[in-house]
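Listed below are the structures to be examined.
Next, two complexes with chain A in common: one pairs it with chain B, the other with chain C.
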Partner chain A sequence: MFHWLEKNPFFFSVVVFVIIAFAGIVEIFPNFAQQSRPVIGTKPYTTLELAGRHVYIKNSCNACHSQLVRPFKSETDRYGDYSLSGEYAYDRPFLWGSKRTGPDLLRVGNYRTTDWHEIHMKDPASVVPGTNMPAYKWMFTNIADINTAFAEQLTIAQFFSVPYNTPVPMKDGSMAVVKMGKSVADAHALALAEARIIVADMKDQGVKDAVASGQIPEIVAIIAYMNGLK
Partner chain B sequence: MNKLYLWGIIMGALMLGATYIAVTGTKGGLNDDIINILTIAGAVSLVIITVFVVIKYVRQMQTDTADGVLARETWDGIAEYENELPVGWAVTFLLTIVWGMWYFIAGYPLNAYSQIGEYNEEVVTLTTKFEKDFNEKMSNFSETEKTQYMIDMGESVYITECMICHGLTADGIDGLSTDLNNWGTHASIVDAIVNGSKGLNYPMGDMAAGFASGQDATDIAVYIMNDLSGETGSIAYDNACAGCHGTDGKGLDGSSPDLLVYGESGFIVDVLNRGKKGFIGDMPKFDRLSDKQKEAVGAYISSLNK
Partner chain C sequence: MENRPLEYDYTVAKMFMLTTIVLGIVGMLVGVILAFQLAYPSLNGSDLAIAEYINYSRLRPLHTDAVVFGFTLSGIFATWYYVGQRVLKVSMAESRFLMFIGKLHFWLYLIAVAAAVISLLMGVTTSKEYAEFEWPIDIAIVVVWILFGMGVFGLIGIRREKTLYISVWYYIATFLGIAMLYLFNNMAIPTMFGVSEIGESSVGVWYHSVSMYAGTNDALVQWWYGHNAVAFGFTVPIIAMIYYFLPKESGQAIYSYKLSLLSFWGLMFLYIWAGGHHLLYSTVPDWMQTMGSIFSIILILPSWGSAINMLLTMRGEWQQVAASPLIKFMILGSTFYMFSTLEGSIQAIKSVNAIAHFTDWIIGHVHNGALGWVTFMIMAALYHMAPRVFKREIYSKSLMATQFWIQTVGVVLYFTSMWIAGITQGMMWRAHDEFGNLAYSFIDTVTVLYPYYTIRGVGGVLYLVGFLMFAYNMYKTMSARPVKESELQSASPMGA
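Let's look at the complex of A and B:
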């Protein structure tokens, strides 16, 4: 048979295609499995959370922090439930990370709060003695890029059918709606409304003033993102 | 002597020399450790085997000639021999296919193993072990040993979970969070009465400042510290506090905190379950801790002011 294939380039190509296509199917098929659908309780990111996610990526937080809890008791005791693939349905790109210099952050919203993040980002060693995490002071003055976050929302809503402005089921049986603005101004207003709630728990006067004047510093966006990681 | 063997000996000597330098250069060197000696023996035999195998194949390349029947088709004049497969190779190949089928169907039963299943087993094993050890210790301990055991356990949970905000010595890191060394004392009740208290998310809502002041406040604190008994502060308590906490102090069936457990483990367990959005900051819920862990944290924190 192999001699025959070697003498017939067309059928040789067909067989090569079939074999490579099989390998492709093995890779692609699991993505359609139920386990890969969004887990109940997983919501799309809001505008401010997405902006915070961009800050997270920009500062390479994922170089030291993973977002993947493995199914070992030692991990679930410390970080909460092990992660399921459907929880990353709205992560583009996912930020699993491969190295933990710092702790895992997948469920950090469950056990850290706005004011803790504020203190920690300003001076990590004041709350975690001996930490080697640097301070991220510029996040308190840099302004978050809401336009890009909104552009991403528009794109993923249109091309990946991410359910914005649509009810999604939550764990307690209720439905939650994540809003997306209709225009850039609308998106800014939504992000600002979200930022005001976070800033109410913050102490930095500069940040409070900025939000009061309609600007959103990066620290507010990244805290929104952190608090949303549950 | 053949030039090839000469090269082999030179290469072998070089590699052995490099191994010797590398080993003696490390901290500790050979130092008679059996593992080190075995490793060196392995390295030496590897060098010798490598040199001889290389010599064998280089000689074969130099001297071998090929023969046999050529296949009919050629590609630009290049043809292949129609040699039979070597028997050993062919048998191994077929056995591998048979083994593969067996493994796929029977040897590795599909769905018999899952990572989550292993996780669940691990959790059950560790929980059972903990409960067995815990109950065994508790049944052998005297009362003071039991208390001390809970305090020690609470301290280890505290260091992993609470220290990050309340500090290693529970002093609240210069006002970043509540100073737990004063928690559950007369002074902290007076402070709550005078300045109010908030954030436990009870139906009654937050406690405003100034329900009582001066002597009344200190008397009420004495009354609460005595588990709502005695003369001192009883009238002041009924006037200022009973409206929300009830005359018995139990908090009117969950509308407000139970004052009878204040200063004890039970109150801390309540705070851990509810979280506290207090004056200083926002404390998350710690409901993922097990009941025993919460109780232990309570025991540890109540022990701090003593």
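Let's look at the complex of A and C:
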């Protein structure tokens, strides 16, 4: 049979393809039948959080920081509860990472604050002596892209039925509603309202001035995102 | 037809040889910069105006993609446009169509590479490893890949030698495997399609997209891709090369046809399953993790099958290894292939992975294969091709031998330092004191690594220096006065 295949490139290619596709068909397709369902307490991202997530991705934070707590005592001691599949239901793309040059960030919102992030992103070694993390000073002047974050919200609400403007259950039994703007202007207003709360805890005058004038620097967006990681 | 040997047309092969060398230098140089940025964080240049574009996190995807999609793909294309003609006994000059497709393939590839470099430096990325490009570049890559496929199957279509040589099997598998994986993993919806309640669309940047898969499913598809991009980019086509170049260079026939059959079909069936070993102890279903682990261990069979087939091809001719630097590159390459596949299987065992995952040991493993096996083999292939393609003898054999030893020392420094760094960090993360509290804070496990990061950087510099010697040697070979009127038919470049 092999000799015959080696003389018939078409059938050779077909057989090779079936053999390499086999594992994917058996492994991946069945898993799609049971789509990731959000666990209680998992909310869609707000416009500002999503813009912050884009800043996180733009700067490849995931190259050094994981967002996956494995079920070991040493990891739950350090980072909090181990990961559940449903917690990632709104993560497109997933940001598990493959290397921990720095610590895991899945639940960083539980133990770091806005002002800590502000100082740390400006000069990491001033709060963590000996660190090899670079400073991210440009995040204080670059303006976050709220439009693209809003476009992504619209897309995921339309194509993947992500529940914006819909009550979702929280751990304490209450219901939460994550709002999505009706228009671009509306989305900016929502993001700005959220940004003002973050900026109240910040010291950088340039950032405060920018938000006061209606612009949201990248640092505010990424802090909003990280504060939401719980 | 006249009774004279075929003259092959290497126009396209030459073009890709050039990008192999140039993009190799770029990718490795960025890698060395990254290594030193980890060891000396001030090198991120945080106070410079251009810090955003030269800091570690922005450069890191550029390094991996320049090496995978720049250097390695170019090497694969360059060798295909050389080996393909020769094993199928047909010249590209015989078909003006295939010649046109080949040249188009090259120029579109070059445009895609340029676009990819610019977009990564700007921070336009999907964050998925080795699939960072946004949809416009993805589409360009798919077109480039289709042109490559047309070249492969076109040449097969007009071949004189009816039986496909082993190398051609592997090139076909490379084409099919990458095509399937790349398409499925990069499925995304451009956000320009989102429409707001008052009818606004095309909001935000036009090139942004959102992944078709969410969370755990996304991770599953990504590592099904990520692991097998390594399979079909760093293993399968490199085996294609060694099956052609080692017998040619050594004058020895392949040791066993049956072993090559077993290795090929075994590799095709087993490799894809192993993707799950990137997700051990994650939230993907347990049975997939177990399958990933088990298949990774079985994968030793076909991997070692190929490597042993290569080593036994040299039986009775081991003096060639001492005499020829070119054979040295290939034999050490096969040996590193054996080491890194064994290492990979060990790391895929769940209890070992619990320590190894997220540490530098994995980085060491990747470079073990990429530096010791992939790059050694591609350089050997280009060294073998150069005298035949440029009709000039290799400029300097002693430079080649020196380069071999410098790079070998570089690889050894690289993986030994990363072994120690990875296992040290993995053990420190999990260490508890006598009261059951964590023994080390995270930063303790970082500062302990600085000496190893420096050693790794030195290893990287040695390797880069060796690669620059390779580039210089190739440049001097290309630009020397022609010594032969027509192609050298049987002479080994080391024959003199």
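Simple rule for what comes next: the second predicted complex is superposed on the first by the 195 of 230 C-alpha atoms of A that agree within 3 Å, B and C clash if a C-alpha of one lies under 4 Å from a C-alpha of the other, contacts with A are read in each partner's own complex, and residues count from 1 in each chain.
The rule is short, and it goes like this: contacts are C-beta pairs under 8 Å (C-beta built on N, C-alpha and C of every residue); 3 or more make two chains touch, one makes a residue touch a chain.
Only a predicted model underlies this, so the values are computations on that prediction, with no experimental measurement involved.
Chemist: May I ask you to decide whether A:V128 touches chain B, chain C, both, or neither, giving the answer as first, second, both or neither?
Modeler: both
Chemist: Please indicate which partner A:F11 is in contact with in the superposed arrangement: first for chain B, second for chain C, both, or neither.
Modeler: After superposition on chain A, A:F11 lies in contact with neither partner.
Chemist: Applying the touch criterion given at the start, work out whether A:Y111 contacts chain B, chain C, both or neither, answering first, second, both or neither.
Modeler: After superposition on chain A, A:Y111 lies in contact with chain B alone.
Chemist: Quick one: is A:F72 in contact with chain B, with chain C, with both, or with neither? Answer first, second, both or neither.
Modeler: both
Chemist: So, A:F32: does it touch chain B (first), chain C (second), both, or neither?
Modeler: second
Chemist: After lining up the shared chain so the two structures overlap, which partner does A:S60 touch, if you call chain B first and chain C second: first, second, both or neither?
Modeler: Touch partner of A:S60: chain C, not chain B.
Chemist: Just which bits of chain A does chain B share with chain C as contact spots?
Modeler: 3, 6-7, 71-73, 78, 128-129
Chemist: State the interface residues of chain A toward chain B in the complex, per the touch definition above.
Modeler: 3, 6-7, 71-73, 76, 78, 80, 82, 110-116, 119, 126-129, 201
Chemist: Which of the residues in chain A end up touching chain C in this complex?
Modeler: 2-3, 6-7, 9, 12-13, 16-17, 19-24, 27-28, 31-32, 35-36, 57-64, 66, 68, 70-75, 77-78, 83-103, 125, 128-138, 142, 145, 147-160, 181-184, 187
Chemist: Quick one: which bits of chain B touch chain A in the complex? Just the residue numbers, please.
Modeler: Answer in residue numbers: 71, 73, 115-116, 118-119, 122-123, 126, 160-161, 164-165, 168, 173, 176, 280-286, 288.
Chemist: What residues on chain C touch chain A, complex-wise?
Modeler: Its residues touching chain A are 37-39, 41, 44, 46-47, 51-52, 55-58, 60-61, 123-129, 153, 156, 162-164, 169, 172-173, 176-177, 180, 184, 189-198, 200, 202-205, 208, 210-211, 213-222, 224, 261, 265, 268-269, 271-273, 275-276, 278, 281-285, 288, 291, 354, 357-360, 362-363, 429-432, 437-438, 442-443, 446-447, 450, 453.
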